[in-house]
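So, here's a batch of structures to check.
Here come two complexes built around chain A, the first alongside chain B, the second alongside chain C.
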Partner chain A sequence: MELFKPIVEATVAGDEERCVALAQEVIDKGVDPLQAIEQGYTKGMAIVGDKFSRMEYYLPELIRCADAMKAAMDVLKPHLGKGQDGGVQGTVVIGTIQGDLHDLGKNIVKTMLQAAAFTVHDLGCDVQVRSFIDKAEEQDVDVIAASAILTTTMAYMPDLVNLLSDMNLRDRFKVMVGGAPVTPEYADEAGADGYGENAAEAVETAKRLVQSRRGGA
Partner chain B sequence: MAGVNMAHNPNLTYLSRAQAEKIHAASLEILERVGALIDDEESAALLRKASVAVGDGDTFHISPKLVEWALSVAPKRIVLHNRNAEPVIPLEPGRIYFGLGSDCLFILDHRTGKRRQATLQDVNEAIRLADALPNIDFLMSAVLPSDVPTEAANRLQMRSMIENSTKPIMFVTNDFDSCLDVVQAAEFVAGGAKLHEQKPYCCCYINVTAPLRHNVDSLQKLLFLAAKGLPTTYTPMVLRGVSGPVTSAGAVALANAGELVGLVLAQLKREGAPIIHSGGYGDVFDMRTTTGAYTGPESYGVRTAMGAYYGLPIFGLGGSSDSKLPDEQAAAEASLTLLFETLGGANLIHDVGYMESGKCYSLEMLAICDELISYIRRYCQGIEVNDETLALDLIAELGPEGDYLPTEHTVNHYKETWYPRLFNRNHYDGWLAEDGLTLHRRTQRRVEEILQSHTPEPLEGKIKQEIEAILG
Partner chain C sequence: MSMIGFWDVYKRSETGPFVKEQDFDRQVGTVAGQLAQKHEIRFDPEQVIPADDGLADRMYKAALELFLELGIYCRDTSRLIKFSREEVQWALKHAPTSVTYGQGPDTRIMRQRKIEDSLPPFCLNTPVGCTVAEERFVAMVQSYAQEPLSDTFSSAFSQTVGGRPIKSGTPQEVEAAIWNVVKLREAARAAGRPLIGIHNLISNAEKTDATLAAIQEEFGAHPNDGLGVAAIAEMKADYERMKKVVFLDHKGYNRYGLYGPIMGGYAGGPEATAIVHVAHHFLGLLAFGAQWHDGFPLHLMQGCNSTRDLLWLISVTGQALARNTHLLIGVSPFTAAGPCTEMVIHEIAAIVLAATVSGLHLNLVAVARNKLPERSSGMEARIGSETAHLIAKQGITRKKANEIVKKILGEYESKIPEAPKGKRFDECYDLKTVRPTQEYLDVYDRCKEKLTGFGLEYKE
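Up next, the complex of A and B:
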């Protein structure tokens, strides 16, 4: 389709105006919107992601491209068929765990997850273990993501996993953890399903967890 | 004599007076217009009592007048003492002192070269090394031990600092309760609270959540220390482009505004409470790797210039690196940051030996920085210009092709030249015969030699027992 190449280009350029105009063109010309997403916008964002990991793109560029794509999605979504989510990677509830007011790292992970086409519910900081679970149930998320920057608050991470088990919800959600003091070993000990040393790794982990949850379900 | 004395020497004027005034005015405007969230009841009450306006959303809008008052009553000079109550660190203009950082989660094991989680033994070794290194003036814990219960960690760090060195201590505690015990221990060493207030052996580093969000533990610690008349920093950090403006001026103005909140509260609690001011930490956020970089050039200069503008004792940061190993990058970053901070006039320069943007500590790096500090001290000494040092008579006597080597003048003065301990100046063959090693490898050996041979001045048995009773 001759529209897909310009869509990829506009997405990689982070040109919101053009992304939206092209989305309108997709609708006007009767092109399948799902195809336009998969072969245009999502493909463009994959290139953007590559450029970011090669340090060619900086975080604000990544965000600008994601915003451009999101604006196009708003045009396309009403035209998608039933059950089509328009390329949403997955849904995550995220927060900094109770007792901890540090939300810098968590905010960066949130931004990068959104840029990678995740739907993210941000509970902020000092989030009670129970609140993570309530939100996860309410939004039927794929992943619960908890952050801690203090060794003292990191200790609530096992509580999160244990409470999920007590509520018979352990198999329903994937749990990932991160933050300065968290190591892969600690994530294992805490019973989490995944870990991210940095924001980029957190996104990869989230993708893997969503796949395994949906594949396994 | 410890520290660097900048009495006659080069210094760096990074901001013009007008620029510093503008940043200060911006901090005042932030506090008045935006206001700060105060999570602690006693602090909120102090502000209300001082007629600070409370806005929608419980923001406290502190007036410029109140800030100016706090600045006018905060002491301009603070003297830190060692374990033997000697006044070894006078924080005053032109006097620069160097110390470790605290609470790294990892350490580069100098014996194996591997990065691993830190232990209490690592704290002990870092402090013993710091005790032995002549250019390290004050202690911080270096690492957060992972092999002790979390709630005991801060107390055990303090115990290690008291037992393994006589140098003054800057402590950090996560929670308020540990802070109480740590201060109690320092007071016991000093011979009681009264004596400790007169001759403080420890000071505190308070790390605040955000410039406009002040958490309970930080405020409780601040008021407790202010009431006791003990020195502390009160340091919120802005990550540029993430939790504050990406631009230097705005990031520093915002971070500085947060510090001023602490300054005001400390003075409201007790007029004349000693505060060590940083001038506003606006750290670089690396938009490519999503790390908070410690050694970006933008982080230096502005902060110390703001500290100097206030004339308060200045808290600095240097001898650190974003590198993963004590490699060429680390040596370069440590050198530059130590030099920038020294020339900027930071009185208390911490985080010497930090690697990996503050996540990992390296004893080799600490020892390399000890050498760098000694180098910088020599540079900052400046030179003497007089008949003896100009040596005109000697030059005339020896003539156009003089041989200066055998002269009395050379014999009298050659030891004034700085000589390295770790850096190598040997000829190629000599270097090979000596060890043929890189600086890093040579320093690994040196660190181990010091740890094997250095015995810190022991702590009197009775005091040791009491310290153990307080700190566990």
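Up next, the complex of A and C:
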């Protein structure tokens, strides 16, 4: 489709005005909006994510591109067919864990997840263990994602898993963790289902966990 | 010129312009990027340690403009704390010119360093909160305190206290903070330096109540010890940290500002992150009353500052501040590789070189990306301190330093993503004598020979 290439280019350029104009063109020309999302905007954001992982783009560029895509989604989503969700990969509730105020890593993971077509509920910083679970239940999410940058806050990660078990919810949600002091070994010890060393890895982990939760591998 | 004090800052945190945090984060990147362009600040990979006074001065101007435009974001109130140019200049003019740590024979005075200064950097040596088993905590920190070139020392992070893990905001955090002070002073005595200064008494408590409970004479805190007060993310402060300022104002312990901008994060690339890093020094001076300033700029993906762009950032930000202020400034080297590897020695040498010729003091040293438990030892502090002293003594210029640092980078740059994690503390040191193993001393000797060939004269 001739529109998809310029959509990819506009997304990679973080050109919000152009992304929105192209989204309108998609509607005006009767192009399938789901295809435009999957083969245009999402594809463009995958390129942006790769560039970010290689540090050809920095966080401001990543955010600009994600904003451009979001603005286009606002135009396209009302035109999606019944039952179409715009290619949503899964749903995640995310936050920095109890006591932790450092949210850079969490914000990057959130942006990358959104760019990869996840629906993300961001609870912000210093999120009580119970609040993660309440939100997960309320939104019926696939994955609870918690980050910590301090060793003293990382210690709440096992509590999150334990509380899920005590509430008989452990099988209902997947848990992934990350952050500066968190290692794969620690994630295992804490009882988490997945770990992300960086944002790109976190997205792959989230995809795997969603597949697993929904009866895949 | 007008005077400004902490309570003025506090008042502005309640009355300044309201801004959503997400908007502020975006504004940091936008403004820093624009200022980098306006002032023609460009990272040149061949000029890792630039000898360009004009660049340093433009960097300083850009940082001051950024600080005046953005101010400090108060996270508790979502308000901006803004300052006039006159207020910043007044604070800079009246900033401390020296800080004294320790007592008696271990009294050490930190003074301003200029670019290419022959005064050696003040060496504040520490495992930077490296996680360690409770039973090895004292030995690990002793290995730093006992180094003759350690002007002060500080803490590792004990995995447990009394066998219990430490969790932020719990009664255990208070217990652990007190334990930390007691054990640090015990380590000082074991090192034969009971009066050595402890520059950061508490590094295992996030909450201020635990910190304040522990900083007491009866637990081992001495009058010339101190505490770090950190900015939260780029250009942000919060009340939890500002509470410490009030305590320190009344008690008189030393304090330093702690800033860790992430290259690739909110600010953007090396140029914009460097501008934000310099601006953090104004934040620390005005909001925290910092006597000196410690930066730990880090690479977003690599979690260290031994990369080429971070070495440039360290050098140019140091030069900007050393040329335009009399602030006491330092940097914390973070390496990718772990202890007892050639790579960690090369990384330390490169960072120390960039810092020493650029007017900085040193907070030595976080290794293995400051992530892996048990991977830290006093040998890394020894390597950093000895290298810093010889660079200052030899009077190495920025130009020569740039030639040397590129040779050192050639030894490790490509290995950063897969850096060796190195050996554990108990593999690097004899725990009974708290002395480094012959293996580690041999690795250091081999690297000294190589680095001597590059132009660092270890053989003097």
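Just so we're on the same page, the second predicted complex is superposed on the first by the 208 of 217 C-alpha atoms of A that agree within 3 Å, B and C clash if a C-alpha of one lies under 4 Å from a C-alpha of the other, contacts with A are read in each partner's own complex, and residues count from 1 in each chain.
What we mean here is this: contacts are C-beta pairs under 8 Å (C-beta built on N, C-alpha and C of every residue); 3 or more make two chains touch, one makes a residue touch a chain.
Note that the structure is predicted; figures quoted are calculated from it, not measured.
With chain A as the common reference for superposition, the partners chain B and chain C occupy clashing space. In the superposed model, A:Gln98 lies in contact with chain C only, and not with chain B.
Of the two partner chains placed by superposition, only chain B is touched by A:Met112; chain C is not. In the superposition on chain A, A:Tyr156 makes contact with chain C only, while chain B stays out of contact range. Applying the stated touch rule to the two superposed structures, the overlap between the chain B and chain C interfaces on chain A comprises residues 55, 58-60, 101-102, 104, 107-108, 150-152, 155, 180-181, 183, 198.
Residues of chain A touching chain C in their complex: 53, 55, 58-61, 63, 98-104, 107-108, 150-153, 155-156, 180-181, 183, 198.
Taken in their complex, chain C has these residues touching chain A: 25-26, 29-30, 33, 75, 129, 131, 157, 165-169, 173, 204-207, 232-233, 238, 240, 262, 264-269, 300-301, 303, 370-372. Those residues of chain B that touch chain A in the shared complex are 105, 117, 144, 146, 150-151, 153, 174-175, 209-210, 213, 215, 239, 241-243, 287-292, 359.
Listing the residues of chain A that touch chain B in their complex gives 52, 55, 57-60, 101-102, 104, 107-108, 112, 150-152, 155, 180-181, 183, 198-200.
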